[in-house]
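Just so it is clear, A, B, C and D label the chains in written order, and each chain counts residues from 1 on its own.
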Amino acid sequence: MDVLRYRPEPAELSWTFGGVPPVRTIRPGTLLEVWTEDAFGGNVRGPEDRISRTIDPRFLNPQSGPFYVEGAEVGDTVAVHFVSIEPARDWGVSSTIPFFGGLTSTMRTATLQPALEERLWFYEVDAAARTVTFRAAHGNHTVALPLDPMHGTVGVAPALYEVRSSLVPDAFGGNMDTPEMRAGTTCYLGVNVEGAMLSLGDGHCRQGEGETCGVAVEAAMDTVVAIGLIKGVATPWPRLETDSHIMVAGSGRPLEDAWRVSHQDLVSWLARDFGLDHLDAYQLVTQACECPVANVVDPNYTMVTKIRKAYLPKASIYRDAHAELTGLGKAYLSG
Amino acid sequence: MDVLRYRPEPAELSWTFGGVPPVRTIRPGTLLEVWTEDAFGGNVRGPEDRISRTIDPRFLNPQSGPFYVEGAEVGDTVAVHFVSIEPARDWGVSSTIPFFGGLTSTMRTATLQPALEERLWFYEVDAAARTVTFRAAHGNHTVALPLDPMHGTVGVAPALYEVRSSLVPDAFGGNMDTPEMRAGTTCYLGVNVEGAMLSLGDGHCRQGEGETCGVAVEAAMDTVVAIGLIKGVATPWPRLETDSHIMVAGSGRPLEDAWRVSHQDLVSWLARDFGLDHLDAYQLVTQACECPVANVVDPNYTMVTKIRKAYLPKASIYRDAHAELTGLGKAYLSG
Amino acid sequence: MDVLRYRPEPAELSWTFGGVPPVRTIRPGTLLEVWTEDAFGGNVRGPEDRISRTIDPRFLNPQSGPFYVEGAEVGDTVAVHFVSIEPARDWGVSSTIPFFGGLTSTMRTATLQPALEERLWFYEVDAAARTVTFRAAHGNHTVALPLDPMHGTVGVAPALYEVRSSLVPDAFGGNMDTPEMRAGTTCYLGVNVEGAMLSLGDGHCRQGEGETCGVAVEAAMDTVVAIGLIKGVATPWPRLETDSHIMVAGSGRPLEDAWRVSHQDLVSWLARDFGLDHLDAYQLVTQACECPVANVVDPNYTMVTKIRKAYLPKASIYRDAHAELTGLGKAYLSG
Amino acid sequence: MDVLRYRPEPAELSWTFGGVPPVRTIRPGTLLEVWTEDAFGGNVRGPEDRISRTIDPRFLNPQSGPFYVEGAEVGDTVAVHFVSIEPARDWGVSSTIPFFGGLTSTMRTATLQPALEERLWFYEVDAAARTVTFRAAHGNHTVALPLDPMHGTVGVAPALYEVRSSLVPDAFGGNMDTPEMRAGTTCYLGVNVEGAMLSLGDGHCRQGEGETCGVAVEAAMDTVVAIGLIKGVATPWPRLETDSHIMVAGSGRPLEDAWRVSHQDLVSWLARDFGLDHLDAYQLVTQACECPVANVVDPNYTMVTKIRKAYLPKASIYRDAHAELTGLGKAYLSG
């Protein structure tokens, strides 16, 4: 079993997809043990910190990577299977940020109203008990929520020579902020440049669907992913697979465009790989899909559309990459 | 136990919320056994029927009601607890409809492209096995999906003297098309006119989240609801309660506005009835909510935001109407 | 020349399109001299008034009408030619209104932020000089803007048995809030119910494109319109004609849907009445249209798309109703 | 007078804002004579060409530049005054492009419908008569439209280390596609990187407001711009100035967000530079602005909000850069 261990030096962090040289080369079939810093660069440490004072906006959401995937060429697909995602510290942090988030005006949804109060919440993470504890700032409500670690961000270099901020989700992946990106999930990303240039970051101890205030329970993570490469198969939008479901993460604005993208690509996928007629696929999705919001706070919004594999014709999905990488992950974990 | 049994004559059906006289008066605390016709008025009966030829658009989505709720005044809230929802026939039907649905241009999202093919799908309903069976029109894929009966439409007369088509969801309820409106759920609706003028219809054997093509597995239903009235408590948007969750169904366009409405009203609810500070409520929702799409096909889109009651401070919700009506429903079912 | 003079009693005002009996019957070819109250029902009279305290939201934007147009049947088109629109008082008023307007969160674009300050502006109207004078509340900036009187609202009863608030613009017309609705313009509205049930109101001394804060320079108006009826010709969306241009006013949300509607209907109009192929019409509109925003503040947003008649093939538009009604108006004015 | 003449070699063209080294350095106060290729790289030459076959999407919309503006630092503003824009050939071309444009589904507004027919239109440009002539493909309608040359694209390198395709409009300028970008206009752009890295291209012989089908009358241009630099003054969104108006070009999705941005920045500008209180500025804009659509077809949509300088308090705008550069341009033109 090939294992690559990588912990970025501060100077190696990146804040974009595309536009930076690779930090390592990785061979498909390899397990990558990677440490990712939290979205605030680890700079928020106490209750008196304030995002708007502590963090330069250029340095929000640092990524570990990019990794040059050996053999990846334009038109291929990289598979990223999350083997495990574990909080690297015993706390996480969330915050309101002025003019950022879903229930405030923003730079884009611009109004003349003042910003909401900037307030920080620290969460205790109990990895053994699998909880992350919310404490109200006012009053005394406390509740232990289930720990459900995930990566807000995973992506490759974009097409059309673009370089995008790590705050952006789009066809290249990026800041999708879906809780579906947890251990056990395989994420398929279309390759736009030689080597794919894969990065990931933005660990969340958990988040609700939509990441309402724009900030989940942010945390550094010790993560293990298994990397696959499907040659000659293109992937237009990030697709996900678990043991039970396939999904598409569509991004755009307005939110119905993100919804349309995720649905249209799921229908195309069912037609291409599962042998369904397009309208039959449209009909089956109509009655059977689940459709949780991912984020309504980033420069593009993201919707996930998912369907149970049990409802579909039998088919080999991405040459059974999910099964293969899951096997690799199990071997590693039991190893 | 007061039980009111009502099966509309064809001439009694209505196609609007508001604007029609009540068919019956109902006393809070009463159980209502009501039959609802399917969204096509029962006129689609065979595979050669076509919605666009068979149905006059004025007569889509007939409602049973309105029911005049005794004592309901402006500023009160009506509680509708779904005790049971059972398909009245052994089949359901879905269809594409020209320029209607989520993956086509429409009258509003207008383009110059031609309509998609109009195609009907009949589903066998096996009430005993609790399945509803999809058969592909092309090829031979067949799958038995779980039967999960629900009402697409439940609502009261709107405010501002308006009368709205039964195709529309909004603050008065209406065509929200959320699968959460199943047996076991209590729906709270703010009263805008004396007597509330409650109607329901649009039974679905099941639907995916979003009702992608615009048409679920449409069916006539034998439904039992328990009716409650909470005096002096206003409800700005439809709210739902189950044994495990509270939810808000927000409607609007674009879809992010439906999302904002459902979130903002959930935060307001947590602040008003659960004693949380507004920003603390915003934060807790950010980490803990679930947010499934309801519909992206109607004149307004609908999003549901839900949170587990276990994560909230203990509180009496709408004077425990859900518990009380659930008890009433159980007595009826065991009766 | 048939002239109908109508000044509503307070008890005759209406606040909806549809749902109210006609105040008068009018024969096509008649001139209607009509007085319209301002959007605040004339109740805002001094600088200390506040909309949110002074006005019950049910009584915003009263309409004069509805007028039963003799002979109008479903599928016909009513033509309303504005002969003259003159402010009935020597002042107009505007105001910010909490959670209403374009640069604030609203009931639909819901956030947790506080409302903007509620502030009133009174404008002096000088009908002789054709000016309406803005005075800043803070500092001493004063400017005489051109008087450009128009009606924010003109419409007929909606289809599908609906009754809509006079705050709403849609396919039936209503609160479109476009400055194009000035003297010299003919507005074509499709008839949805027998008699059409035409109403108008919401006079503005002037407004910018978009009606940014949601409130123009509101004023009661002495208005003269000439009424025409085009039998057997349907009109899907409000269309406007001046001596130089034809236009479509499309309404919906998001704003791009209002834009799409106005463009798609203009292209359809060019194809149906001017003999252009659909794609040629699409191309000509691409290079030649003007596209000013009408409103981004009402329950639906409205966009106007216009094109010069000089750029189009010669054609008889609505059987030359504009020319005929313009002639009628000139005869009246010189009469 | 300093004049820099620049005609790019094919190998010097660029397709992004940011990410490419400068082709020349330019000193503020210099006149730049620049040739720009058309959006199709000059590769569409005959009626049988088809965009989807002839053009690699990576090479759509080539830019001339970037120019390194001497002394430009982050937080400054570059002023680009268009002295003259003249078509370099005697023809222009437009086309429908599959799944691109305003009245079709697209990659983002995704549906299952087929693409519209791909069709090309060639326009004769008569520079002496100042006309550009449309000929219908079907039937025989021909019309000479006014020649109104403009640049669809002008911009600087983006912030946050991003590199954006030349198809994108945003805060850095880019593919705004507003007909206001004609000779006589000064465009102010905020500097995000040292040297600003200014590029321009995408000449249009004319376009309607919105660029409906996504393609204007595309043409290579001989353009002269005068370059200014305003030190220490930041500009959040592209602002424009003519002899009569000031304007803001806001970009985003949905279209109401582009609208909000353009309005909010105009209000901020009036408050910062013209001494108006924010709410007074909001009010004056409400009654006095013009608001034409720029594009509803690009990855972001663009709206322009404009107001007459005559309606505003007297003020020095960007240290009178427009007047100064206009003078420079007149001196150049008078030879």
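In this section, contacts are C-beta pairs under 8 Å (C-beta built on N, C-alpha and C of every residue); 3 or more make two chains touch, one makes a residue touch a chain.
These numbers come from a predicted model, not from an experiment.
A.B. asks: Tell me which chains count as touching both chain B and chain C.
C.D. replies: Touching chain B and chain C alike, sorted by label: A, D.
A.B. asks: Out of A-D and A-C, which chain pair has the most contact pairs?
C.D. replies: So, comparing the two chain pairs, more contacts are at A-D.
A.B. asks: Distance from the CA centroid of chain A to that of chain B, rounded to the nearest Å?
C.D. replies: Centre separation, chain A to chain B: 33 Å.
A.B. asks: Take the average of all CA coordinates in chain A, do the same for chain C, and state the distance between these two points in whole angstrom.
C.D. replies: 48
A.B. asks: Could you grab the centroid distance between chain A and chain D? Build each centroid from C-alpha atoms only and quote it in angstrom.
C.D. replies: Comparing mean C-alpha positions, chain D is 35 Å from chain A.
A.B. asks: If you look at chain A, which of its residues touch at least two other chains?
C.D. replies: 103, 109-112, 116, 253-254, 260, 263-264, 267, 279, 282
A.B. asks: Mind listing the chain B positions that touch chain A in their complex?
C.D. replies: 94, 96, 102-103, 116-117, 119, 121, 132, 134, 136-139, 141, 143, 145, 206-217, 253-256, 259-260, 263-264, 267, 275-277, 279-280, 282-293, 296, 301, 303, 305, 310-313
A.B. asks: Within the complex, which stretch of chain D touches chain B?
C.D. replies: For chain D paired with chain B, touching residues are 103-105, 109-116, 254.
A.B. asks: Spell out the residues on chain C that touch chain B in their complex, using ranges where they run on.
C.D. replies: Its residues touching chain B are 15-16, 18-19, 57-58, 107-112, 159-165, 167, 250, 252-254, 257, 260-261, 263-265, 267, 278-279, 282.
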